[in-house]
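In the two complexes that follow, chain A is the common piece, with chain B as its partner first and chain C second.
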Partner chain A sequence: MRPLDEAETTAVFEKLFKFTGNNLKNIVENPSHEGPDPNPGRYCFRLHKNRVYYVSESLVKRATNIARPKLVSLGTCIGKFTHGGKFHLTIQALSLVAANARHKVWIKPTSEMSFLYGNHVLKGGLGRITDSIAPGDGVVVYSMSDVPLGFGVAAKSMQDCRKLDPNGIVVLHQSDIGEYLRMEDEL
Partner chain B sequence: MAPVVLNKKRGKNWQKPPLEKKQRKNDPFVEKRSKTEEISDDSDSDIENEEVKDPQEFEDEGEESGSDTGSELPSDGDDPLADDFLRGSDDEEKGPDSDAGSDSDSDSDSDVSDIEKKSRAIDEERAREKEEALEEMQLNIREESDEFRLPTKEEIEEEKQQPPDLPNLQRRIKEIVRVLSNFKDLSQKGTSRKEYVQQLKLDLGSYYGYNEFLIGALVEMFPPVELMELIESFEKPRPICLRTNTLKTRRRDLADVLINRGVNLDPLSKWSKVGLVVYDSQVPIGATPEYMAGFYMLQSASSFLPVMALAPQEKERVIDMAAAPGGKTTYIAALMKNTGLIYANEMKASRLKSLTANLHRMGVTNTIVCNYDGNELPKVLGLNTVDRVLLDAPCSGTGVISKDESVKTSKSLEDIQKCSYLQKQLILAAIDMVDANSKSGGYIVYSTCSIMVTENEAVIDHALKKRDVKLVPCGLDFGRQGFVRFREHRFHPSLEKTRRFYPHVHNMDGFFVAKLKKMSNSKKTSAGPQPSETVEQQTPESNVSNGDKKTEENSEQVLMKKATTKAKDLKKKTSGLAENGNVESPSNEKRRKKRKFPSREEISKVREEKRKTLREKVSSKKAGSKDIGNEK
Partner chain C sequence: MESQNQYEVDLGNLLAFNHSHHFPSLPSSREELVKECLEEGTKLVQAIADRLFNLPSTEDVDGPIVTLPPPTTKLPRSKHLPKPKPPTKWELFAKKKGQLYVSITDEKVLRYFAGIKKRKKDKVVWDEQTGTWKRRFGYDRVDDDRDVPIIEAKMTDEPGEDPFAKRQEEKKKRVAKQDKNRLQNLKQAAKVGALPSHVQLAATALPITGTQAAPKKFTKHELGDVAGIAATSTASGGKFDKKVPGEKAPKHQGKHRKFLPVVEGSGIGSREKEQTDKVLNKLFSKHSHEILNVEKAVTAYNVKREKKQRLKHNKNVEDKSLSTSNKLKPKKQLNKKSAKKGSSKKGKAK
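Entry: the complex of A and B
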């Protein structure tokens, strides 16, 4: 387990910025109540076996005496680095991202299951959408009862979305909570 | 007229034998006989009319030649029945018929009586058959009567040859249970209780599919009626339960959402505020969007219990030594509201994925997951460092037979003993990791999903002997108390504070929960009388002997160590007693009750001695230097 170096930190923050925008500082400066210390500490990022973890500092301190091959997970895993060095956010980051998301999309109950199987969000399934979405922005997908279902990338801007036919893709799927059941081994 | 009278006489004779036997059996027979009488009367009367004509033609010839020529007669195409009657009656019953009446009368009478004779013969045969049938039934009834009799060796051999006769087995099982419940009155003379129990074991084993060891163990633990209830309940699955994740939602809201989806559920019981039991569901309960969002966890009701007993507080340090798949760990995190710290340990690497996935899905952020053998954990995480430990020990699984039928046949005595040994090691490791002086904690909860005494009470008893812990109430009052004594074992009396749960009583999987409180960080050994050592040297051993190098080592303790290594060597030579490698003297046992650290007088004495030696050293040095100075 080691802290992220410069390149890795920029990659992670870039990805997060797509979803959160200026709320990124909330993520970094969130007071954490984890750990047995009475005062809330800060969160930090750590890299362990190509996975990036978002952990409270007090946890990090106490995890140092666990041997590297035996340590499995710390706090929340938010993503992993691929062989090629690219960083991908995984579904476990959802709670963190959803709390600080700027662009949100709500989908109808009928197309919930389709999204949870890994399909993209179509115009016909769109319930509500926040304003000022540019193509390529990170978007968090919610159900109509405000339960976060996953996240993705906006395919088109808001105005273009209105012109689309009902089968057009609005949000490209990146990650959804159905992966907990479908791809448990790959998380 | 005459034949009718005769028939009636016969009828009376026939009625007598069945009256001797059971009264109620007579009625159908009497009815039948009266019917036959009627029939025979009718037939006789019919035949009479016919026969009056015919025999008179044949008479002259027939009576002289007798039965020999009689055979030629019927070929003339007359009524064949009449000829048969004639023949039969000629042979058999000539006596009474020949007495009655004159020649002409006797001829007609004999014809008629021949018919009668025939009919009588048939009736008699029928009567005989009925008697035999009655007797057989009597025999059968006698066999199944109140006196239940164990099968003899021959019958057992026969049974072995054939495939098992299930209804027969079931009947026999029920009979034996009935006999055993009222042994004085219902048992067969000469057969002991042991023989009945032995037969019951064999029958239960073959009917339900248990191996000999397991059924023997169950028979030892329960009285026969309860044993049947237990075994029946193992055949059926327990209801599916789920636990609301209080980090993300509330039970009421979750229940509403699930009911909308078409799930039929109810709150679990009054002892749980987060449990729900699912009766049936239109959607797969493990694949709803709420499940995937981490609003609830599918968990059996018995798995709630050890965490409820543990009762972790916020900002505590907790270890879960056998955490996968994570149901209990996530419950602990929910109770702690994601504060504090949880170490979730799991030995099997294949189960780690599901553990981490569940932790992330339920939104738990205060957990560190590691992959160690439970026995190594104290070395890694340190001794006396955490507030609470949950040990849901790997066990034989005899309490969850309803989930896994292979346990019925695969467990043997060696398996149970191996599990027991492992559990004893793990519980000592768990106790060592807890800090007895923790402000809010100092508790260890031990639980298994097994009902065997060797894995439950015996392990706790072992821990009580080896470490300075005591049992405290679990807070689960609706369970049954653990055994304080069982067959030849005698356990510590406080074991009645442990709790056992059974499927046939609580409708949960078989479970055992015990809560221990660590009183001090010392490790005590078992009783060993060696009164040869002095007091001052031995008493501080209790501080030193926990073998923990991280504890503060005062100089006096260093001195003590050096002083006492000699004592230890002496001890090892004299006794041969070295339980944990840490040996304590008998004087400590006397002081064990007080559980005090060395008293102040002893500490001051030791300090005095130390100062003396130092002063002597200093003075000798000074003297030496003075001499040198003087010389110069």
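Entry: the complex of A and C
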């Protein structure tokens, strides 16, 4: 376990910025009320075996007592670094990202299951959508009952979305909560 | 041929020997020796010239041309005699098989086997399919795998296999096997020292005589590493040793990457906070142009302004009826102020 160095921090923040925008500040400077300390500490990012964890300070301090090969996980894992040095967000970042998301998409109940199996969101399945979405923006996908289902990348801008035929892809799938069942081993 | 003064002249090499000359005593100085040599040399050259002009000459534009007779002196060989090549594996096999032997299938029939003969192959072969003479190998050859249009299925074929691909793969395997055998033959020849000369020239790694291993070349990098290891393998890690003249301080001592401590103070330390804030600010400033949607702000402002104007109009309509001049006025003001308001909003967002 070690803190991220500058290059790694930039990579992680860039990815989060795509989804949250300015709310990234809220994520980084979140006061955490875990631990016996009356003063709220902060959350920090730690790297352990190519995975990035979002942990509160008090937890980090206690985790230093565990040997590195024996430590499995701490806090919430938000993503992984690949062998080539790129950073990917995993589904466990959903709670963090959904709370601070800038662009949201609500999908109809009929296409919920399709999304949860890993397919992209088609225009026919769109319920509501926040405006001013540029292509390539990070988007959080909700069900109509405001349950976050996953996140993805916007394929087209708002205007282009309106012109699409009902089978056009609106949101490219990146992660969904179905992965907890499908890819249990890889999380 | 020996002639006057017992000079042996070999016209083919333009050479003249004086067998019976010997220096009476070593001359005292170098110049005297040189003088004497020159004198003797001139006599020999004169002998060659005499002989040359005695030869029958033909007239040419540049002067008389003389064809020299073949040389008579036997010069020593510059290179060694070629060593006999060891027979290749095939040659050994052919020799073994080729020994005349008699095979008796039954008492009445005797079969004779003449052995494997080396047959000369022609460069062009008659191709039945096209009715022309085609090469044996190379471009437009006799039996090319690509020319086969149909391969009939046999009982032994599996349904999913591609027979064309199979043929190509088999050919590749055959070629690879042949290459391997060729290399093995060359290696055997190299062991004896009888490599063909063009291969010997190409094989710079192989030694010309003997079978020592080629000396391993060390790169500057490797030498530097080894020198570093040697320098630090003393009791005190090489710290107090006198440096050899020209020896530089070792590069890359200690850790190559620096990381922040895992826990500083209680959790996040000041350095880590600094780092995260720095990265965050960089990120925000990079994307600051995206934060404000200028068009949206401008349209929102315009809508607001229009509403205000409309309220004003409704008030004024009760007093007097206004013409189109009023309609023009708000538009003008909007063009001026929108740019200003947009820039000020940018400041606010930061």
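The definition used in the following text is that the second predicted complex is superposed on the first by the 187 of 187 C-alpha atoms of A that agree within 3 Å, B and C clash if a C-alpha of one lies under 4 Å from a C-alpha of the other, contacts with A are read in each partner's own complex, and residues count from 1 in each chain.
Definition applied: contacts are C-beta pairs under 8 Å (C-beta built on N, C-alpha and C of every residue); 3 or more make two chains touch, one makes a residue touch a chain.
Small disclaimer: the values here were computed from a predicted structure and weren't measured.
Student: Contacts for A:L149 in the overlay, against chain B (first) and chain C (second): which applies, first, second, both or neither?
Tutor: A:L149: touches chain B, not chain C.
Student: Looking at A:F13 after the superposition, I want to know if it touches chain B, chain C, both of them or none. Which is it: first, second, both, neither?
Tutor: second
Student: Taking the superposition on A as described, I'd like to know which of chain B and chain C A:S58 touches: first, second, both or neither.
Tutor: A:S58: touches chain B and chain C.
Student: Between chain B and chain C, whom does A:V139 touch in the aligned arrangement: first, second, both, or neither?
Tutor: A:V139 contacts neither chain B nor chain C.
Student: More residues of chain A are touched by which chain, chain B or chain C?
Tutor: B
Student: Is A:G21 touching the first partner chain B, the second partner chain C, both, or neither of them?
Tutor: After superposing on A, A:G21 lies in contact with chain C but is clear of chain B.
Student: Once the shared chain is lined up, is A:C161 touching chain B (first), chain C (second), both, or neither of them?
Tutor: Touch status of A:C161: no partner.
Student: If we overlay the two complexes on their shared chain A, which of chain B and chain C does A:Y180 touch? Say first, second, both or neither.
Tutor: After superposition on chain A, A:Y180 lies in contact with chain B alone.
Student: Both chain B and chain C contact which residues of chain A?
Tutor: The answer is residues 37, 56, 58 of chain A.
Student: In the complex, go through chain C and note every residue touching chain A.
Tutor: Residue list for chain C touching chain A: 257-263, 266-268, 272-273, 275-276, 278-280, 282-284, 287, 290-291, 293, 296.
Student: Residue numbers of chain A touching chain B in their complex, please.
Tutor: Against chain B, the touching part of chain A is residues 33-38, 56, 58-59, 62-63, 65-67, 69-77, 91-92, 95, 112-113, 116, 143, 145, 147-149, 177-178, 180-181, 184-185, 187.
Student: Give the list of chain B residues in touch with chain A in this complex.
Tutor: 257, 286-287, 289-290, 292-294, 315-317, 338-341, 352-357, 359-361, 363, 365-372, 380-382
Student: Over in the complex, which chain A residues touch chain C? Could you list them?
Tutor: 1-3, 5-6, 9-10, 13-14, 17, 21-22, 24-25, 28, 37, 41-42, 44-46, 56-58, 60-61, 64, 132, 134
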